[in-house]
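For clarity, chains are labelled A, B, C and D in written order, and residue numbers in each chain start from 1.
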Amino acid sequence: MENNLLAVLLLLPFCGSVLAFSLPSDRLRPWLLPLCGTLHLALTFLVIQGGRPLTTANGWLGVDPLSRLILLVISLLFCGCSFYALGYLRYRISWGNRTFVGCLLLFLSAMTLAAISRHLGILWVAVETTTVASAPLIYYNRNRLSIEATWKYLLLGSVGIALAMLGILFIAYAALAGNGHVSLQFDDILHGAASYSRPWLRAGFVFLLVGFGVKVGFAPLHTWKPDAYGEAPGLVGALLAGGLTSVAFLALLRTLQIMDAASEAVMAREAFLAMGLLSMAFAAVFVVRQPDFKRMLAYSSVEHMGILAIGISVGGVATFGAMLHLMNNALTKGVLFLAAGNIHRRFGSKKVDDVRGAITLLPFSATLFLLGFLAITGSPPFSPFISEFTILQGVFSGDHYVTGGLFLFFLAVIFIGMGSTVLSVVFGNPPEKKGDENYRETFATTGAPLIMLLIVLVLGVYLPDPVRHICADAAALLEVRP
Amino acid sequence: MNFLFLSWLVLGLGACAAALPWRSARITALLGGGSAVLGCVSGLIAVGQGLVAERAATFSLPWSMPGGSFSLRLDGLSAFFLLPLFIVGLVGALYGTEYMQKEKACLHWSWYNLLLVSMAMVVTAANGLLFLFAWECMSLTSFFLVITEYNKSEVVAAGWIYLLATHLGAACLFAFFLSAGAFCGSLDFASFQHLNKLTGPVVSVLFLLLLAGFGSKAGIFPLHVWLPDAHPAAPSHVSALMSGVMVKTAIYGLLRMCSFFTASPVWWGGLLMAIGITGALFGIAMAAMQSDVKRSLAYSTVENVGIILLALGFWMQSRAAGQHVVAALALAGGLIHLLNHALFKSLLFLGAGSLMHGSDSRDLNRMGGLMCRMPVTGLMIVCGGMAISALPPFNGLVGEWFIYRALLESGAALSGLGGFFPVMLVGCLALVGGLVLIVMTRIIGIALTGVPRSPEAAEAHEAGWPMRSAMIVLALLCLAGGLLPIQLLRVAGRAAVLLDPESAQLFAGQVITPWWLGIMAFLLIGALLAAFSFNRWRQGRGTVAAASTWGCGFAFPSNRMTYSAESYSELAQSGMFCSCLTPKSKDGRTIGFFPIRRFFVFTAPDPVLEKFFKPLFQRLADYCRRCCRLQSGNLHIYLLYVFCTTILLLFWVGQR
Amino acid sequence: MDTISNILLLLVILLNFFLLGSSRLASCIRTIALQGGILSLLPVLAHGFSGHTLFLSTVAFLLKGIAIPYLLFRAIRQVHIRREIEPLIGYVPTLILGTLATAGSFIFSGRLPLIPEHSQSLFVPVGLATLATGFLMLISRRKAITQALGYLIFENGIFIFGMLLTEAMPLMVEAGVLLDLLVGVFVMAILMHQINREFSTMNTDNLTSLKE
Amino acid sequence: MRITILQLFLHLLLLFGFSPLLSGVIGKTKALFTGRVGPPFLQLYFDIWKLFGKGMVISRTTTWIFRAGPVVGLAVPLLAGLLIPFGPVGAPISFSGDLIFFVYLFALSRFFTACAALDTGSSFEGMGAVREVTFSCLAEPTVFFVFIVLARLSGSFSLDAMFGQTLAASWHTAAPSLLLILVCLFIVTLVENCRIPFDDPTTHLELTMIHEVMVLDHSGPDFGMILYGAAMKLFVFGALVVRLFLPGTTGNMALDILLFIGGILFMAVVVGVIESVMARLRLLRIPQLLVGASLLSFFSLILLLR
């Protein structure tokens, strides 16, 4: 029964996107999104119930705790964003949404494929499809800046993916040079990894790290993020920041699993730690006095990828914290981007000096934006506080005091940077140049982020057992076997 | 303990009920304020049980957070700190029902109730994670309360600096709790006992982290910059709660953590004392120059925190040196002054609030003659003023009396350099006492007495019964504290038992009993009544005529010729204060032949903020913006980054 | 059998240098088409005639030899851009860097242990060299279309390297790689069309307004 | 020193009955210096008695604080007097730490006098209040240092013991520092009671006054209570100075009391001499002198600490 469940889970969004491309009426098409979103979420809950990892016949697709977590994150985020999309697309009815809805559903199917793939090649193809599918989404605003953002996103993404392909080939050749038996099946790699030839494996790891690092947005490779997230509509920004980065991070985790199996864990983790700290440093420097609040959210996403990398690299209880943080970050980024989207549309500008007093014009979105900011910077009632604290616990108990000190310092600098921007956007009195007068806050555009924020709040106060089990099992997979 | 849960339940329900959008603000105020009052009453019952109970009541529940456990512990120390919380909370709620009617403050009451719950949880938490959770919730809820009037830009600026300071402080606390938890294996305070096995520089680093973390919230001298802006920006009953109680939760944290380090090095006490006395002198000097009533009271909070720190530092030092009598006196002084300060500072803030409520202006120079228009508020402010200046019949003197005795005792006993510091501190404390007198006579003299300086002050109206009854309750408590100092000492003894068992035994003994202070207070009231009746008897026979004040012959006195707030403290400021504190004033001198319209603007900004923190953050931000040129915008450079990262990683992997 | 593939691979390296040095856009595309054609012969030569390799060669030849160059020519004709390629750092420096990169890839691949039957073949060094050339084209050329060409050469490098593992890699993944290549280039072409319509030039100079 | 009811009665008698005499002696000394006959010794008694009988005129702007000023002005020196020994007669009340209560009692009277002055709303009273409160701020440290020196010498913290028997012995052991603190205590007495070097009680120019201008607007019984309180305050401080100056006891009580009264009168004469010889210091000089006095007392303390 399970394999056709997986097949349905995969094909549902794909058929949805095909249907979207074929549907003529712009008014009817947006409804496809919530339909597929909720069905996908329901299927995900079904798939996640099963405790033991299940795989399809030829072992190319399968679900293990890590992919369960990523699936849950993707479908939760997509479901929220799909309801938001209704309100957004009704407002943008004049622009037509054929490519938009189609690509969104294609994007979801690609992410699902990446999450449940047990084969490196398929994982690569899925991530490549997400890149190609999200290019038109970023270009939806159709102005000069979004063209530039899309061009940079596409080119950097393609070069990164090509490097990842090279990494996969290197690993395959390591298998060939090691024990002669080449297979990109993930389970076979894990079994045979011990006997792979070291130089090939390490070179492969480097290319995979850089390749998928570009997609995740680690520090020196993050340059496309502020442009892409800055110019894309809020909805797309949320999906990219929450979904795509999680999928790319899953790919990196797979690489880490391979390196663990090949007992090269220490070197891999050091690379992750270095990239993590570098990402936080870059984010801290760039977020101070950032004139554009969407680009600020992009740098916050770079920072949180750095936090995840540090969490993974330190191991111990920090791995559990990192897994939990993956979910928290996705949901909170969703809230922030959707609220930022509303504010951007109402004021017609993203510049911080044109946008003031949002709380008087958009009471709900501004409050969500403020609470989202408090959540993302790790203030208690919200769950990022718990996950960041757990990561710090891991860091401090592994007595990496220097890393811990740097971690806290960067968190503080980023809080200062983001805080001054968010507070100047939310409070103060609105500028006389009113953006778009007739933009009203409908339930659709504020309901979805509100629900996501409630989930983050509940997770922050009490972590329900199923979520804890998923994260614990996922963390167990990455545990370094002595 | 279950009364405590009852109070949290009531407060929580009240918070949710007040959050719903009711039709009229009165229902919200009734719901919110009522639940706050009920919550505080049941909290007070719990505090009563806590103070009386011999053994500490503990409660623990498995909490799904990794490393965290929902464990609470209500012992003497927590009960001691809960007492002012629930008293000021109750009084503030009563006061707020009327005060908040003017402003349409949505969600005000839910934030207020949540603040009370989180502060109570901070004081009873027995697990590091729960403590930090409650600590940040306290900061957040108080931040939302501070920016109640978010349409004013300076209120938002004050709120931002406040949030910034608490967050940076919390970062230090994170570092402390995590490294302590790493060393002791778990985050529970019970396991923190192993901390005193630590030796060497690590302990001092932990202590400095502690001091920075809790100091930034307590408003200790160099880290106080947010306090003079944040407290006045909040509504008065909230600034009373923040000044009176929230500052004390930081000191509670400091005490609780220091109680884990039994073998603390001597210089810790010295450092605390140094910070304390500089904070006291700086705070009171700045308080004398502020023309905004609440800002002056906020600076006097910095001063009082300095005095409390002085006392606690002296307790630490003398305990390390082994003088138990001096340690007992200093600890008693610190704890009692802490409790008294919570009472009289809240009274003064509520009084200042009702002055603003009546004459809707915050500037001393716009007030004047409010005593005859607001008699009850005026009387309450005078009582508060007497209490804060440590004048006899009120409770302010009890705390300072113990501190003075501790300093005198060690000043007289020690010889050589050891005796020099306590004596110098006595001198500084006496100077601070004199300056407090200047500040309070200034506030009372300029705002309450004299002639009204503005039309709003002329038709000021008295506050309603809730505000007046709130203030009267606090004034009576201050008077009771002054008349029955033994009770204060007994309550402080409950807390001292946990901090310093040896000197806690002396609390019950005859050596340090303040029994005579109570007797002298009663005697003073007797003498005052006698003199008053004598005055009434003699004056009864003659006629009492009313005339205008003797203007020394000047025919046309106007109310703008009376002393203003700045001129009152100008003599002290030019004569005694050091140059770095001089306020900025745009002088009003007329230049040229024909007199034109001139303005005299006098501002006393915080020198630490203006000369140190703002330039520092400015330079940091400029440096960051310069580094942003890395994101140069052209794709080729970005691709070059990718290429170089690959090459570097390959080399690094090669070396490994 | 190795000797023929080695010769072809050396031819590929020569074409790389020609690409780095050429200043005419049309001739560049033709060279890439030629390189694509050569590469599509490799699977048959390296691993003999089998259904799998034959199919792979024909698909590769169709894609790299005919479809993509046609697409690029159409893109050029549509956007009727000036045929010059303006390099950022001049032709000679690019060539020098190209040689350095090729030498580096030879040294690097020397350190990677090859299995006995591949020890003689030049697949790995040539693959890496083509990869480096592609990267260099991406970095040092001003026009958006030349960056697409750079990406093509980059993909060719990976394709060469893929030849070593043809029997291991299932057909579907190879096809996937080629398909993604096609879709990538296709989307790039559409974007170039938009860029030209918006900016009326293919230069990437004005594509730098998004910066800090 | 358990005191008998007789001594308590004597103590109160001295405090109530004897204190106005001092200003009469001062007045007579000043008259002697200027060759005038001067007001009779009992002039202050007559003024106080006359004022208690007169009617009152109160400004319209004042509130109850204005009426509270004189009440506190009278009650505080009364209570302070109970804490200190008058010569051989021990202090009725003494407990460890009463010196702090003593200092803060006078702070209470200063608080109310300043507020009462500001209550009238005239700028002259404001000026007086500012000067009073600022200068007293500098005098308080001196008082504390003086008490610490005495506490170190007597080993106890109650005023009664500090100014008790041990004083005679400590003159032998620490004469220089005791001499210094005698000077400092005398300076503080002059500041607190607004005598000549710091404030001219007989001037008519409001701009120069400190204490007088604060009581400008009082009249009738209020003014009488203020004068009576001021006299008692002078007597209390004088008792301390004289006790410090004549620590010895001759064994029989009556002779010691006479000696004490002689000492007080002699101090009044000294004050009168100073008032006739010196003029009032410039306002900016006063803080410097007060800081000098506190440094002097601090220096005397350091002599002891060695």
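Definition applied: a contact is a pair of C-beta atoms (placed from the backbone, for glycine too) under 8 Å apart; a residue touches a chain by one contact, two chains touch by 3 or more.
Bear in mind the structure is a predicted one, so any value in this text is a computation, not a measurement.
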Farthest chain relative to chain B (centres taken as mean CA coordinates): C
Between B-C and B-D, the pair with more C-beta contacts: B-D
Centroid distance [mean C-alpha coordinates] between chain D and chain A, Å: 79
Centroid spacing, where centroids are CA-atom means, of chain B and chain D in whole angstrom: 37
Chain B-chain C separation of Cα centroids, rounded to whole Å: 70
Centroid spacing, where centroids are CA-atom means, of chain A and chain C in whole angstrom: 31
Residues of chain C engaged with two or more neighbouring chains: 111, 135, 138, 147, 207-210, 212
Residues of chain D touching at least two other chains: none
Residue numbers of chain B (touch at least two other chains): 625, 628, 630-631, 635, 639, 650
Pairs of chains found to touch, sorted by chain label: A-B, A-C, B-C, B-D
Residue ranges of chain A touching chain B (in the complex, touch as defined): 151-152, 155-156, 159-160, 163, 202-203, 205-207, 209-210, 213-214, 220-221, 223-224, 226, 267, 271, 282, 284-286, 288-289, 317, 320-321, 359-360, 374, 377, 379-381, 385-386, 389-390, 392-393, 395-397, 399, 401, 404-405, 408-409, 411-412, 415-417, 419-420, 423, 427-429, 462-465, 468
Chain C-facing residues of chain B, complex: 625, 628-636, 639-640, 643, 650, 654
Chain C - residues contacting chain B, complex: 88, 108, 111, 135, 138-140, 147, 204-205, 207-212
Interfacial residue positions of chain D with respect to chain B in the complex: 52-67, 70-72, 74-76, 78-79, 82, 93, 95-98, 100-101, 103-105, 107-108, 110-111, 114-115, 117-124, 126-127, 129-131, 133-134, 136-138, 140-141, 143-145, 147-148, 151-152, 155, 157, 206, 216-217, 220-222, 224-225, 284, 287, 294, 298, 301-302, 305-306
Touching residues on chain B, where the partner in the complex is chain D: 368-369, 371-372, 375, 378, 382, 385-386, 389-392, 397, 400-401, 404-405, 408-409, 411-412, 415-416, 419-420, 423, 426-428, 430-431, 433-435, 437-438, 440-441, 444-446, 448-451, 516-517, 519-520, 523-524, 527-528, 530-532, 534-535, 538-539, 541-552, 557, 559, 561-563, 567-568, 570-572, 575-576
